[in-house]
Amino acid sequence: MFVLVNLKTYPCDPVAVAEAVRDVNDRTDARLAVAPQAAHIERVAETGAETWAQHVDPIDYGSNTGHTLAESVAEAGAEGTLLNHSERRLKLADVDGAVRAARRADLETIVCANNPAQIGAAAALGPDAVAVEPPELIGTGTPVSQADPDIVEDAVAAAERVDDDVSVLCGAGISTGEDVVSAGDLGAEGVLLASGVAKADDPQAALEDLVDPL
Amino acid sequence: MFVLVNLKTYPCDPVAVAEAVRDVNDRTDARLAVAPQAAHIERVAETGAETWAQHVDPIDYGSNTGHTLAESVAEAGAEGTLLNHSERRLKLADVDGAVRAARRADLETIVCANNPAQIGAAAALGPDAVAVEPPELIGTGTPVSQADPDIVEDAVAAAERVDDDVSVLCGAGISTGEDVVSAGDLGAEGVLLASGVAKADDPQAALEDLVDPL
Amino acid sequence: MFVLVNLKTYPCDPVAVAEAVRDVNDRTDARLAVAPQAAHIERVAETGAETWAQHVDPIDYGSNTGHTLAESVAEAGAEGTLLNHSERRLKLADVDGAVRAARRADLETIVCANNPAQIGAAAALGPDAVAVEPPELIGTGTPVSQADPDIVEDAVAAAERVDDDVSVLCGAGISTGEDVVSAGDLGAEGVLLASGVAKADDPQAALEDLVDPL
Amino acid sequence: MFVLVNLKTYPCDPVAVAEAVRDVNDRTDARLAVAPQAAHIERVAETGAETWAQHVDPIDYGSNTGHTLAESVAEAGAEGTLLNHSERRLKLADVDGAVRAARRADLETIVCANNPAQIGAAAALGPDAVAVEPPELIGTGTPVSQADPDIVEDAVAAAERVDDDVSVLCGAGISTGEDVVSAGDLGAEGVLLASGVAKADDPQAALEDLVDPL
């Protein structure tokens, strides 16, 4: 299982969470990574934790003031990037452009989407993975695998129909180790987490609880 | 073949073009339609020509000042709508929402996209048709079937792989009857046209030339 | 006082509301107008009611599929347009472009904004009027003049400081004739209304109640 | 004079340019600063050069995946931020929100705009400075002070009319020391530079030439 901790713009210490991600990663079979803000990528990557960007723009080197260049986040230490997160929706043509930009910079890609139809669309753009985030579950604490197990299975089926090399992650409603196991049982190869770890008093303990049942 | 004449915001007389579309449609096997601006849909539909919207928003009845509601364009006389045209790109989630809104209002849908990867993505959202518009050909007068025939065949293959009920149209670089025939030979079931007809001194003659070789 | 009824994308009969607007306008000193969806402008204008667009784009004649051209809504019968409504926010450069486009087409303009600082900014772009819509009051039924009278007075002062030819309207929290009077007492020269009239069983009675105390 | 070197997403070494900015700043009366990409702010600030962000979003701490938080760029070492650059246009309400976010994080602000009307609008939002960038001059090498001197004087007048505490910078068409002097003569208190320094073989020499006549 792949567990990606999205730090959003939370008021957490990105280095402390990254160290927890690194240490728990070393002790389990799960693969753990952390996605800090762009301005924090370099110091987070220096911890040795697998580091991801939260977004890159569909651009190349050039005149793009205020944009995020895939090559720059890669060179700062990122190994992958989220794209089209529900808090950073992109135009269809720009999801395509951003997947290409990330690939050019050797960044792994996870494209987020709301529902099975959009998961199929995202898979058609050739990312490494897609993540299904039903908007009605984001931030609720209700596990997707319990509230709406069909959506994960339907997302897995939709991605497979389009391109069976694309992994599916479960991107909302994961807060316990049981949720992670259920997501896996429904066909997900990973999960996106956010506040449950980033805002925990003890991020390391929170991560250990999550990966313990794997 | 389906021939859709997009009037954009050209300074043409939408009713005159619509009458030409209606008359040529009655005399040929091709299916012809016209897509005027929203404010012109009603008067264009009253000509009897098959009328399309250029865009609808991913919304329902409610508080959406300045947006285009699928039900309103349908009730004004539209039978279908373009979506995600290169001049009106939408977020991936909004292409999905707009396809659903159009379907709810019984509007036929054509989702435009730049390249075969995006065509696959668009097809995954379940529209009636997709249209491939290579950005480098838009407005050049160079027929796509001549400049880049692979892109049409690749688009047809990409759509088929995802959902073989989705038709593929050729959305750029069509100006002569030969171009229409070539597009059909490459697997397209229709074409999008714009200035060649909308800005012609005699739109009816222009349309007749286009459908004559079919 | 100017009273503009915004029909948004409500499921109302735009012609029935327009007839009420026309009839009450004829019987009072207030100036009444109605802003239907683009696809309804023509039939609404034919009632004889003063008709406004809800939005126009910062464009000229040309290749702008799916956009709203100022000249087209003017020719369909609109005499003015809302711009930058809270449900249709525009980039700063595009508010400027849309004000210029509207002026080119002889449309009167009202630029909406959230707070006194933005009202000053909007006034600097030279529209005919600005409308202050505190986001926390939109759709609440709480009159702005009661919940937050300072915001109207501050908006009037902000607009005056920048350009004292620009009128200020009150764009949220108006539902009774008393609210209209209070808005006027605070310096507003008009009000924007929406559901209170558009969704009323008897729009004419609703309008009469609103303008009665003027 | 304030000279801000915008590194955009150019393929330059941000640390090398920053060191040149720092060294030339120490030797002249001009104030020099550099605006790298977000992912480079920390290493650039460590050089001791005055460091600016290219953009911050109108957000606070919270759920804002893929956005740029003012506090995070400030903590990485930025002392100011560009906003609404022609390559990163914002909605009017978001320019307001981003100016407030920057102020909250103690970042100085420069809001860019196209023309005198927009400069007045930008000034009404209370930034520290505004920068006028006529779109037709961006990247041309033609100095604004020569091609269109009125636009700088009109921008200075427009800002002054709205708020005379707001400085005006000249944001396009500056490549020589003479251009900087002319901009100052027209009332500008600073300039934005980009490729002329960022892409120079010897950024230090390029900067020295620029500030030499001051």
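So that you can tell them apart, the chains are marked A, B, C and D in the order they are listed, and the count of residues begins at 1 in each.
The rule is simple: contacts are C-beta pairs under 8 Å (C-beta built on N, C-alpha and C of every residue); 3 or more make two chains touch, one makes a residue touch a chain.
This is a predicted model, so every value here is computed, not measured.
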Which chains, if any, touch subunit C and subunit D both? none
Most remote chain relative to subunit B, going by C-alpha centroids? D
For subunit A versus subunit D, which are copies of one sequence, does the interface use mostly the same residue numbers on each side, meaning over half shared, or is it different? same
Need the CA-centroid distance for the pair subunit A / subunit B, whole Å please. 36
Quick one: report the Å distance separating subunit B from subunit C, using the average Cα coordinate of each chain. 33
Subunit A and subunit C, separation of their C-alpha mean positions in angstrom: 43
On subunit C, where are the residues touching two or more other chains? none
Based on which chains touch which, is the overall arrangement a line, ring, star, complete graph, or other? ring
Strictly by the criterion at the top, what is the full list of touching chain pairs? A-B, A-D, B-C, C-D
Going by the contact rule at the top, pick out the subunit A residues touching subunit B in the complex. 84, 89-96, 113-115, 117-118, 120-126, 158, 161-162
How about subunit C: which of its residues touch subunit B in the complex? 6, 8-11, 35, 37-43, 54-55, 59-69, 72-73, 75-76, 82, 85-88, 139, 194-195
